[in-house]
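For clarity, chains are labelled A, B and C in written order, and residue numbers in each chain start from 1.
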Amino acid sequence: MGAIGFKFVVFIVAALLVIVSSLLMTTRKNPIHSALWMIVTFFAMAVIYLLLNAQFIAVAQIMVYAGAIMMLILFVIMMVSLDNGAQEQKRFPMAMGTRLSWALVVVVLLVELMFAALFYQATAKVGSYPAEAVASLGNAKTMGMLLYGKYIFPFEIASILLLVGIIGAVVLSRKNK
Amino acid sequence: MEQILKILDIEGVRLAVGLLAVFLFVVVNALILTWAERKVAGHMQLRIGPKEVGPYGLIQPLADAMKLLGKEIITPRNVDKPIFYLGPIMIFIPVLVAFVVIPFDSYLQVRDINVGILVILAFSSFTVLSILMAGWGSNNKYSLIGSIRSIAQSVAYEIPLLLSLLAVIMMTNSLSLKDVVVAQKGIWFIFLQPVAFIIYFIAAVAETNRTPFDLPEAESELVAGYHTEYSGMMFALFFLAEYTNMFIVSAITVTFFLGGYQGPFLPGIVWFLLKSYFLVFVMMWFRWTFPRVRFDQLLNISWKALIPLSFINLLVTGGLLKL
Amino acid sequence: MVVQIPEMDFGWIVPEIAMTVFAAVALLLTLFRKKNSTWLFVEAMPLVGAIVALYFTFQTWNGNIDIFNNLYTIDNFGVFFKGLSLVILILVTLLSYRYIDREDMARGEYYSLLMFGTLGMMIMVSSNNFITIFIGLEVMSISIYILAGLMGGNAKSVEASLKYFLLGAFATAFLLYGIALIYGTTGMLDIREIAGYVNSGNFMVTPTFMAGLALLIVGFGFKTASVPFHMWTPDVYEGAPTSITAYMATGVKAAAFAAFLRVLFTAFHPFLSGWTYMLWILAVATMTLGNITALKQDDVKRMLAYSSIAHAGYILIALTVGDRTLSSTVLYYLLVYSFMTIGAFAVVIILGRQGSPNTGIESYAGLAGRHPVIAAVMAVFLFSMAGIPPLAGFMGKFYVLTDAIRGGYYWLAIIGVLNSVVAAYYYLRVVMYMYFKEPEAEIGAPDVSIGSTLAIAISVVVVFYLGIFPRLFLMIAHTSSAIFM
């Protein structure tokens, strides 16, 4: 029981951190601060993954998102907005009324979703890899077997997706043919 | 002795003792390494190096540390304060994490995580992140250029680093560092994976921003790169982190390629430290032997040589394992 | 524990493998090509690849098999759309040859991305699993984002690419949210499993599930350019290279509708009453807005963009009716629509020159006098789009509207007819310009090439054939959509 209590506390802290940091991310004027808050968000998400016994996903989250992707985002921001000009501009050129109505829509949708999640019993089928099975198999091993076994076909197509992305990056950024 | 080991087995105690030990180790390690670096540098240039303070100048680093601690922490105007202060602190996150999972001896490991090496690699990018924060927060062009170089460098070298370790992981079938060490009971992986070892070590030197890959802090062009604006204790933190990182990459190299803590006669921890410090010495040796590479050379080495090579290595490893 | 993949599975995906291989070979040929040597081999790749793939696709007709642990499905519905996207690839390649040369685009990348895009379509139309559908959709989308921006020096092309990419990424997020919510409430990704579960009686409709469904419709609505998710369409269609516009308007739309149809009619059919209203509004809005905005366009390329939105609206009528036995009309409409659209865009390409696309409607003035054949084929395509018998467009519209009436959606049918009348105005306006207006300025000779002539000829023949003898292809469409019954 004590363990569950501890997990619950960790979850609440991580979840609040996700919400607060993502709110801060969207409201910061300085793009670098936004990016740094986003890293905090990713981190808190990784903690939630850990609570779900998904160590591999947690580590991958940190490695891929907080590590590689955010690094590149920061890199781009630094290269592009060295003159701090981007900070001065008004980011949402909308009238107050429009802004408020958008905000209202978003809030209503979020609240609705929250109620839906709280008051309706999920009727989902239990997957074939509950936490215990994963723990006994080892996380990376389970992932590997799924990726290279059951999901081999989408996995291979994803490699083509990456190839297409690389071609695009090269062909669009090349200056002269 | 056994009593102590038993107490150490309790999770919380283990963690607390571990953290304390890590802090002590970080400081002591940095003190020794600064002294060693100056001694090595001196002898390589036919000088003697520090010799006035204490026997062989051994107390010199302590004197330096006292001097740094006594200095004023200057906050330049117009810096981005939260980022400026967080930078040097953040640089210690990956250090702490790495010490948690590295097995110093068969029993000297704070926690054996089944994705251990991934944890180290995931957090190692935080070194770059804090360099970035320092560079951006300082509001200084040298700092910024230094940190931008640092990102380009780490993006380029993280790939061969990962791929070379992957070759070893394919042979051990485990991401846990302990399993990797145990798998080297018979023969060290440096003999089975010489190419991976060389790739890893080059990439590791680049990751620690050491000469010949020290472009982010190239004194001769960028003043001091990303830590130009830092003074006193804050500067000391970067300094500590650099030496600790040198030790960590050496420790990972030892774990993956040089049999970890295993060796005859002496206790494991001694072997581990001996091997690690030997590699640290090699890195110092590099510094006084090789000139700094140009930036385009730096990127070309990684993208055009190390990455294809490590892919081929991976392919060959996979093929041989299947046979 | 380890899931073994039976070797024979690969026999069923030969078309996909062929497409990948030919695309890769096109890239490699470009890489190792000597300066000033011929482009012929690179240019032949998409044609040869498509024909090879087409041949093997037809071999899998009536295959009906699930492969790779049910993550990929060979069925007639998939084969139909695979065939359609390969035919579209052939036509687009044909009309690209001269155009790419003229606009000086990166050839090797162009053709290989075209093939990768087609590969994405082939994958997304023949899977019953959300993961595969999504990845196929992404392969297709990313290829198109890049293709739209290939006219590097042209600011409009870059704008089109960026706009499509940003909004497309947003739409992808919606789609993925939808999939995630549905997965969260059912625990399944296979749409047939979801269908079984939804019908089993243990299932309780939750708002989360409905939110997932709504987000799915938003995501697919974007890809099919339905109102109100159409905002990107005119700018992107106008800015992108015209051959790519033709490809987007036909291939992407067909593939997106195919996946949409499969997902809605398999997994969510029991919620018919739930989404009928939503789709009804979507259909009416798409038709009406597309047609009315098209009225005011003076740029033919832009007008065709709005007209393609309107056509999406007609197809949505068939989706709204939601009768599984009638889903063949969607297939037939898409078939017809693809040919007439590609034909019309081919004429637009022919009339352009390097640097001056000549897409303004005044460029068409007096075309009949100067080039009677070109004017005549353009008129055929426009009449077909307007839905004038005996052309194929008429049959497509006829079946869709009959569906609506059979399903009891009289208002929908009436609005559809009214829309067709409105649409006729702007189609005929171009025809009027071509035949009854004197040219205002001298316009150079059209840039006719063998490739584009062939593409136009095929399209004209098919438009007439499908209009006069619709039976054969209607039967094929019917057999293909039998998977829903």
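One rule holds in what follows: contacts are C-beta pairs under 8 Å (C-beta built on N, C-alpha and C of every residue); 3 or more make two chains touch, one makes a residue touch a chain.
Computed from a predicted model, the values in this text were never measured in an experiment.
A.B. asks: Taking the mean of each chain's Cα atoms, which chain ends up nearest the overall Cα mean?
C.D. replies: Central chain: A.
A.B. asks: For chain C, which other chain has the most distant CA centre?
C.D. replies: B
A.B. asks: Taking the mean of the C-alpha atoms as each chain's centre, how many Å separate chain B from chain C?
C.D. replies: Computed from C-alpha means, the inter-chain centre distance equals 54 Å.
A.B. asks: Measuring centre to centre with CA averages, how many angstrom lie between chain A and chain B?
C.D. replies: So the centre of chain A lies 29 Å away from the centre of chain B.
A.B. asks: So what's the Cα centroid distance for chain A and chain C, whole Å?
C.D. replies: The answer is 32 Å.
A.B. asks: Taking the complex as given, what residues does chain B use to touch chain A?
C.D. replies: 80, 83, 113-115, 118-119, 121-123, 125-126, 128-129, 132-133, 136, 144, 147-148, 151-152, 154-155, 158, 175
A.B. asks: Looking at the complex, which residues from chain C come into contact with chain A?
C.D. replies: These residues of chain C touch chain A: 1-5, 20, 27, 67-69, 71-72, 104, 106, 109, 112-113, 116, 119, 123, 129, 131-132, 135-136, 138-139, 142-143, 145-146, 149-150, 152, 161, 183-188, 197, 202-204, 206-208, 211.
A.B. asks: Considering the complex alone, what residue numbers of chain A touch chain C?
C.D. replies: Its residues touching chain C are 112-113, 115-117, 120-127, 137, 145, 149-154, 157-158, 160-161, 163-165, 167-168, 170-172, 174, 177.
A.B. asks: Can you list the chain A residues touching chain B in their complex?
C.D. replies: Within the complex, chain A contacts chain B at residues 30, 32-33, 36, 39, 55-56, 59-60, 62-63, 66-68, 70-72, 74-75, 78-79, 82, 138-140.
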